[in-house]
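Before anything else, here is the set of structures, which you'll find just below.
Heads up, the next two complexes both have subunit A, just with different partners, subunit B and then subunit C.
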Partner chain A sequence: MSTLIIPGDSIPINQKSEQLIGPGLHIDLNTKEIIPINSGLLQNGNKSIHIESNSKRYIPQTNDYVIGTVTGSFGDIFRVSLSNFSSSVSLSAMAFPNASKKNRPNLKVGSLIYARVSNADPIVDIEIECIDPTTGKDGGFGLLEDGFVFDVNLAFARNLLFDANHPILKLLVQKCKFEIAIGLNGKIWIKTDDLKYTLACSKSIQNCQSVTSTRFKEIINTVFKELGL
Partner chain B sequence: MAKGIEVSINEKSFVFDALKQGIRLDGRKLEDFRNVDITLGDEYGYVDVRLGKTRVVARISAEISTPFEDRPFEGLFTVSTEISPMASAMFENQRQSDDELLISRAIEKAVRRSGALDLESLCIIAGSKCWSIRADVHFLDYDGGFIDASCIAVMTGLQHFRKNDITVSGEQIVIHSVEEREPVELSVLHVPICVTFAFFNPEGVEENIKGESNNEIYIVDTTLEEDLLKDGVLTVAVNKNREVCQISKAGGLPMDALTLMDCGRKAYDIAVELTNQIKKLLEADYKRRNEGIQYKLRAENDRITVE
Partner chain C sequence: MSIQADTSILNRVDGSATLKSGETEIIVSVSGPIEAKPRQELPTTSALDIIIRPDIGISTTREKLLEDKLRQVLTPVIIGILYPRQLIQITIQVLQSGEDKEYTSKELSTIINATYLALIDSNIGLKVSFAAESFAISTDDEIITAPSRSQLKSSKSSHIVSYEISNGKATKLLFSDSIGTFSENQIYQILDLAATKVEETHQIFRKTIQDKIEKDFIWQL
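Presenting the complex of A and B:
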């Protein structure tokens, strides 16, 4: 169930149930009142409640999956840029599977990495890591080689990452096989065997982000046709 | 704090590979100019130019002032190009970056120094009164091609602008309002159009004397993404009379003389196309302004015959 909420609305919430407060909602510590601070669709699940809305600037949150560009390395720390015109975050050289002082990951300036935000405390530097904390293995994180990266809006990226049955990916799979990494910072990395297919996939995803799902097929077909595929 | 646009190695190699195959990210051919969308305002001299996502607004205004002492027979013409962070966060307030300086200089050179506007026609009383024409260029959104877009905007604006009619009797000047007398257009001598070429060097080998590894690629009208990856840039301003008004190539990849000729020719084709587009637009605007009830009710109609 989802209703449109704007800041100042009262939240229809069951006070007895235990629910996690997600993005877009704020608890006034004195009155214990829940106040919406964003406008968007209220997502009221069993265990959690949050407001789904789109925003322009990406603000890192713990456990977000992100795609970043390495901008430099200082000692054991790599600086990684998650979005243009905002502060970079740090990636420790030890935050890789099997990393040690001797076995250092080889990341050049400009390399793309897929990582998880491990610490998003606003007071200290934001940290990301390329390791799955539950298994200690890479878990799909790490260096992204070749392919192409492009920007989409933040809500769309979130949608695409959390919805495993998203119609776009289902439709694209019928056209070609591809590898994809979706970053919640609004970046999507895609790689196929052929440059034209990569471009077609990226264009399709970009063009689909602002239309309803009924038009996806039509858009994907036109994009592929334009590139002669 | 990293403040800027970071381009990854992946993007760079992808763009280069695509260019080698003759593909650009936005689906254009290498030598295609983006579609130029020009809108004229209700006021004279207001032009809104859109080049893809790039958006530039030019506003022409005129006032009466005193000419320079060393040039008593000429009016004044200034182009103000200040890029604010509104266009893109890469431009900072109150501080001019090298890019901004280059953009301002290129527009200045193409429009002002090429003598596109006849300054002598702006003289009212030699040495004491002249028209001062000012072109304010506002940059609203940036996706590459600021020089090209603002050149189009200023040139269209100058042709569209009408200054108030004046009567001179001795040292006295009477400025007639628009209602009183039809305002007069500026005397624009020619229309320079800037076309910017970007050079890419996918091989990574630079040669001063062009030889084996001469595989540089040049493309017309770059978007921001291509702009960040380019190895060299060339701006050619040319008018439809085949007169080259400026060639500016500030550093970057050394290029072949033949390539330069080629670029000149391409720029000419684009300039002709754009000049015609501007001309058609101005004619349509003139027609729109001079039809309907307002036109029929004018006092002038009594004296001229209208069928």
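Presenting the complex of A and C:
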């Protein structure tokens, strides 16, 4: 399947076809060689090549969906924290559907938002927006009211977001109804009708991180049973 | 010599590792890239904050010296331009020194190795892999790899050598430090011997990293 690669290894690049290089690979500025910089599983496709690796610290990339906490507002700009101790990113008050000088979004310090990273150049301030650029509508982004946020590993969050038919979500749907927002910064927001269900869902997802997919059902059943559901 | 390594042992930092090699035991945590204080900020690259805590007592000039030497090893390896104006904080706690305070070779080589594993665990971009090994030359001119506390005490000189490793082979000398009396020929012998020794150590680390990746992606199975 995929092979383990660590920094210093040479990677098989297909010379004939054009490949996009993704996360975990870097072009050395001196030698102009493509080198692996993270350790993980090499995913070598026809059109792209990247290293799939797990981490805890989120580094913003353009077009990532993230969950952030508003930490302050300065004029037309909100400061949003995507992970603890990381530099906060900026969210313009104009980056909302139907926003204008008079129609400001009602965000307070501590509000949770679901947003898309619109500009992730590390040498300037990173920007996020709560608007779908193709339609100009909210596209599911915006203020997250009520609910509960918890942390998971970044690789797990990616898997959960990109796989629409993820077995964990399928199993949870059979247990209760819920609203979920998955941020690639390793934050998951969940909202159910009852606190008990919120706890059960969040605990299920967190516990599923450290077991094989064959045991998902068993884990979810035990968590729900423990809470008497 | 036995090497026991484990990663992802602390859950509130971004990367962590423990390493027990012989008598020396180290625990390392890495947080980063995080927001730097204005005075630490470097405009084009990441700042490195290295803190070494000794096994007994408070840190002294000895630990500051170790911090400085570790910085020499890490600066060329970490790709700082990926994280401009950010801070990478590396905290090292010595659990067992395994040598007397006047020596630093065993502690430093274990610290370098443990930091490598913690950096891999934290997913910070590294140019190349690296590993280190400590040596001593006994009074009858014999080179001892990974000396014990008593061997080190009776030695003429102590050495530490660190190599860059790509594709499992030691390629470039990253760091070397020697204290004591020794001949030019002996240091070349040690450098040659170190190349094979760090390759062996690297094979163990590769296994550790393999285990870590398997644990990280267990939900895919």
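We take it that the second predicted complex is superposed on the first by the 224 of 229 C-alpha atoms of A that agree within 3 Å, B and C clash if a C-alpha of one lies under 4 Å from a C-alpha of the other, contacts with A are read in each partner's own complex, and residues count from 1 in each chain.
The definition used in the following text is that contacts are C-beta pairs under 8 Å (C-beta built on N, C-alpha and C of every residue); 3 or more make two chains touch, one makes a residue touch a chain.
Not measured: the values here are computed from a predicted model.
When the two complexes are overlaid on subunit A, subunit B and subunit C sit side by side with no clash. Contact with neither subunit B nor subunit C is seen for A:206 once the two complexes are overlaid on the shared chain. By the touch criterion defined above, A:112 lies against subunit B but remains apart from subunit C after alignment on the C-alpha atoms of chain A. In the superposition on chain A, contact of A:73 is made with neither subunit B nor subunit C.
In the superposed model, A:87 lies in contact with both subunit B and subunit C.
When the two complexes are overlaid on their common chain A, residue A:19 makes contact with neither subunit B nor subunit C. By the touch criterion stated above, A:145 is placed in contact with subunit B alone, subunit C being left untouched.
When the two structures are aligned on the shared chain, A:43 is found in touch with neither subunit B nor subunit C. Once the two complexes are overlaid on the shared chain, A:57 sits against subunit C while remaining clear of subunit B. Here subunit B and subunit C are compared by how many residues of subunit A each touches, and C touches more. Minimum Cα-Cα distance between subunit B and subunit C in the superposed model: 6 Å. The residues of subunit A shared by its contacts with subunit B and with subunit C are 85-88.
Touching subunit C in their complex are the following residues of subunit A: 4, 6-10, 26, 28-29, 35, 37-41, 52-57, 59, 85-88, 122-123, 153, 155-156, 159, 208-214, 216. Within the complex, the subunit B residues that touch subunit A are 1-14, 17-18, 21, 23, 25, 27, 89-90.
Taken in their complex, subunit C has these residues touching subunit A: 13-15, 31-35, 44, 79, 81-86, 120, 122-123, 125-129, 164-167, 206, 209-210, 213, 215-221.
Only residues 69, 71, 79, 81, 84-88, 108, 110-112, 144-149, 189, 195-196, 198-199, 203, 226-227 of subunit A touch subunit B when the two sit together in their complex.
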